[in-house]
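Working notes for the structure below.
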Amino acid sequence: MSKDLTCIVCPRGCRLHIDDDLNVTGNSCPRGAQYAKDELTNPKRMITSIVRVKNRENCMASVKTSVSIPKGKIFDILKEIEKVSVNAPTHIGDVVIKDVLGTGSDIIITKEIK
Amino acid sequence: MYDIVVIGAGVTGAFISRKLARFNLNVLLIDRENDVGNVTSNANSAIVHSGYDPVPGSLKAKFNVLGNKMFDQISDELDVHFYRIGSITVATSEAQLDMLKGLLERSHENGVEARILSKEELRDLEPNVSPNALGGLLAPTAGIVDPFNLVAHAVENAVDNGVVLHLDEEVIDIKDLKNHFVVKTNKASYESKVVINAAGLGCEKIARMVEDVDWHLTPRKGEYFVLDHYDLGLVNHVIFPLPSEKGKGVLVSLTSSNNYIVGPSSELVDDTEDFSTDGPTLGDVRRQATDLIPSIPFNQVIRVFSGIRPTTSRHDFIIESSKVNPNFINVAGIESPGLVSAPAIAEYVVDEIVSKLLNLEAKKSFNPCIKKYAKLNELDNKAREELIKENPEYGKIICSCEKVSLGEINDLFARSVPPHTVKAVKKRVRAGFGKCQGGFCSPYVTLIIAKHYGINPTEVKWDKDGSEILLEEVKHA
Amino acid sequence: MLNKDLVIIGGGSAGMAAAIEAKKNGVDDILILEKDSVLGGILNQCIHNGFGLTEFKEELTGPEYLQRFVKQVEELGIEYRCDALVLDVTKDKVVTYSNAEDGVVSLQAKAIVFATGCYERGAGAIQIPGDRCAGIITAGTAQKYLNIHGFLAGKRIVILGSGDIGLIMARRMTLEGAKVLCVSEIMPYSNGLNRNIAQCLTDYDIPLYLSRSVSKVVGKHGRVEKVILSAVDDKMKFIPGTEMEFECDTLLLSIGLIPYVSLLDKIKAEMSSTRGAKVNDYFETSIPGVFACGNCLHVHDVVDFVTDEGRDAGKGAAKYIKGLVEKNTTILVKPGDGISYVIPQTITNKNADSITFKFRVRRPIQNVFVTFEDNGNEIAKFVRPVLIPSEMVMLKLNQAQLAKIESGEITVSIKERK
């Protein structure tokens, strides 16, 4: 099953075509080719979200998955993130969930809050 | 038992209440909105008309002219922006030039200063006027006012002097027990010797609770454009076309906050709750306005709005006691020139009508002035600096477009008519009134209101019930 | 009055980059004035990833990206004030700001860099027909409510405008529990990056309707109840009979960003069609010593380019302060066929090693030349397979090409490849 898709690896947004034999055209870089292959076999996404900072008023700290996670697990992982809160100060890279749902990805803080 | 219940805290009810506060009376002012001046007084041209065009002998002519003369003192006592910039009614054809002469005569009959401007004089005063303009009628006493604080501060002054204000309370029935009334609301019942019906668009409904009145109100909608602070000098006066049976027509004016306003349209409508705007109507307003001032920069429009004013079957204000009980006073159909007329109407209602019903004994402690607000943008840097030293909150700017400080917003809560909604804050101090229309400051204002009232931000409203801004707090973990 | 060599207004991506570059170019006495309580500007609320691919060759979230510059600002010892709004600027470069601790401070600057960002066009500006109720909110404001404060401004949402913030918010609000019904775009093409359509809409089955806009908002009871979308013809007029009705509680607007330049307006800097100031090749406005960069100059789609432009403006300001500005010509740069604007608007130094021109095309177009012409004589020609309005184009002329300019004006145009 060949497919036309828009590359999301960078803001350039190349229009990719991948055929049944996983040959990719339209890409401007190797990461685009890899993206198209992954998209056909095992689509993955980075997720970014927020967690509550308990000791600050109406304040959220941003988080992300440390590596891409399977697309199908996005909402399950968000449910895990929902369970977590933190206290300030927060630092970029602080791990709030280790190896979330066994995906190999940690949920890490992306924002410095004093 | 109250001496008087005033229904409606628009500009009319506000000034009547303030006038009543001069006497030793128990006065209750009720409004169904959660802020004062929230309907017709909230959405109009904000012009203090000179009184050159109402039919001589009409109540509109009488109160407009009297009211206009009161505004210097009122704006001073109530700490409200008011500028007598004058108005010019522009003629764009020979036939209209003739009509100007008629208007000049009418001005003089009404006792209003006015004079005809030649084409050249007009162009000197208003360089951006249409090349088709052949002359104008200058009425130098016309002015522009901040309509929001005019009402808010009038009510504040009334409350400071003893009037009781109930907002968010709707009158649902009035029983006329001959020696007094029972005013029933959705929250309570109040006994009162006198009732003054100043309910704006709701006047007819309220009046019919006691009498089958022989007049009726028809809502008339007007749609407007508001332009950002733009180079001063687009227009220097309130610019009117020739008036018609539909009203004063589409005007172009500077506002008291140095914005420009363009409008209104004028359409009879059925629905007093429909404040929507629509493209064809605004397109028509735009065409009419550019007939007068071709260079209006419509790319500087930051907001459109509509207001609804009550027109009466009598084509004049209705200010009179009910036929069934003189202690019930209708003050109805206060459409344009209502804003300017309201203070004079209040004088008349109290001095000529209420005085015959109740014993009016002057209140010695009455103070006609409200405590001045800190308005940082009107201060020089030194005075601003001193205020910030006293209260550092004046140094933290919340609305960067209009440069409104946290201190100025928090000051509002200590007043006797504090804001409860984001819109009410906007009306009082202009946070959210600028080019970004609250894009940057509305989250701050929402959180400030929540904090002051000790409520969750999801409970903060933009305006009326059901207008909560935020629907859910996420991540309770 | 205090003196400062360089005052930078705005501590976001552009302002921080300008400060860092000026410092590296030998200007020591710098002050950044930031109106918010932290440095970083709008990136604080852009918690999604996709930033830094050009700048750092890795993909960062907004807060991570900005932190790298905050760190540099601090390491270089560049002075900054937060919660400090600039109240006034004069043509003579006196900057006055207020802040709770400092009170009111006036500074005489040798140079000023404006890096004040942009603001969102709102409902009033495009006169959306219908009720003006709660629930009509710009995408950036909804983003701030959600990502900074933790509140959803809507649960069932129609988005008007396919600008990037709208697309990003479609995904963000979906992930946090809202239902985004559709995105409606009045133009026949999207105004967002293709990548954002793929990862923010397609991934979550959110339809994108082109050539369609809001013909009515219904919300008589305080909040949006219904949004009606109608197709528009090629004159942008609604076509009767094409109405689509959506029951929803929110209309999210992503209908354009406008440079925030009240103070530049006030000092009568010449303005361009971008609604930002006109600048020369040093990023200097028509007022000597006053510079502008980032989204207050023209709205960018990629923050890395904002940073880059900030650096250029910082470099320009440093040269100005040190008296190293070389001006040997005045060549106007005009947008020609198919181009909506070009920055810089003026070339003043023909001897520069190179000058980068930034522009946008008016409509999506394929297989074209971009030409630089001087009175019909070709100075340079570039082949481009695809150009779309949502992606800023950058093209560089080198010294040899610049030397070919003879008249006082060049035109940048799009020409079809035959």
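A few comments on the model shown:
As written, the chain order gives the labels A, B and C, with residue 1 at the start of each chain.
Everything below uses one rule, namely that contacts are C-beta pairs under 8 Å (C-beta built on N, C-alpha and C of every residue); 3 or more make two chains touch, one makes a residue touch a chain.
Everything quoted here is computed from the prediction, not taken from an experiment.
With centres taken as mean CA coordinates, the chain nearest to the overall protein centre is C. Seen from the C-alpha centroid of chain C, the farthest chain centroid is that of B.
Centres computed as Cα averages put chain A at a distance of 53 Å from chain B. Each chain gets a centre from the mean of its Cα atoms; for chain B and chain C, those two points are 38 Å apart.
Centroids of chain A and chain C (each the mean of its C-alpha atoms) stand 26 Å apart.
Shared interface positions of chain C, i.e. residues touching 2 or more other chains, are given as 146, 148-151, 176.
Shared interface positions of chain A, i.e. residues touching 2 or more other chains, are given as 50, 52, 58, 60.
Within chain B, contacts with two or more other chains are made by residues 447, 457, 474-475. On the chain C side of its complex with chain A, the touching residues are 44, 47-50, 53, 59-64, 67, 70, 146-151, 175-176, 193-199, 202-203, 301-302.
Chain B makes touch with chain C in their complex at residues 226, 229, 273-279, 282, 301-305, 381-382, 384-385, 388-389, 392-397, 400-401, 403, 405, 435-440, 442-443, 447, 457-458, 461-475. Across the interface of their complex, chain B is touched by residues 35, 83, 85, 87, 96, 98-104, 106, 119-120, 122-125, 127, 129-134, 137-138, 140-141, 144-146, 148-155, 176-177, 216-217, 220-223, 249-250, 258, 260, 262 of chain C.
Those residues of chain A that touch chain C in the shared complex are 5-13, 15, 45-50, 52, 58-60, 62, 64, 71, 74-75, 78, 92, 110-112.
Within the complex, the chain B residues that touch chain A are 447, 451, 457, 474-477.
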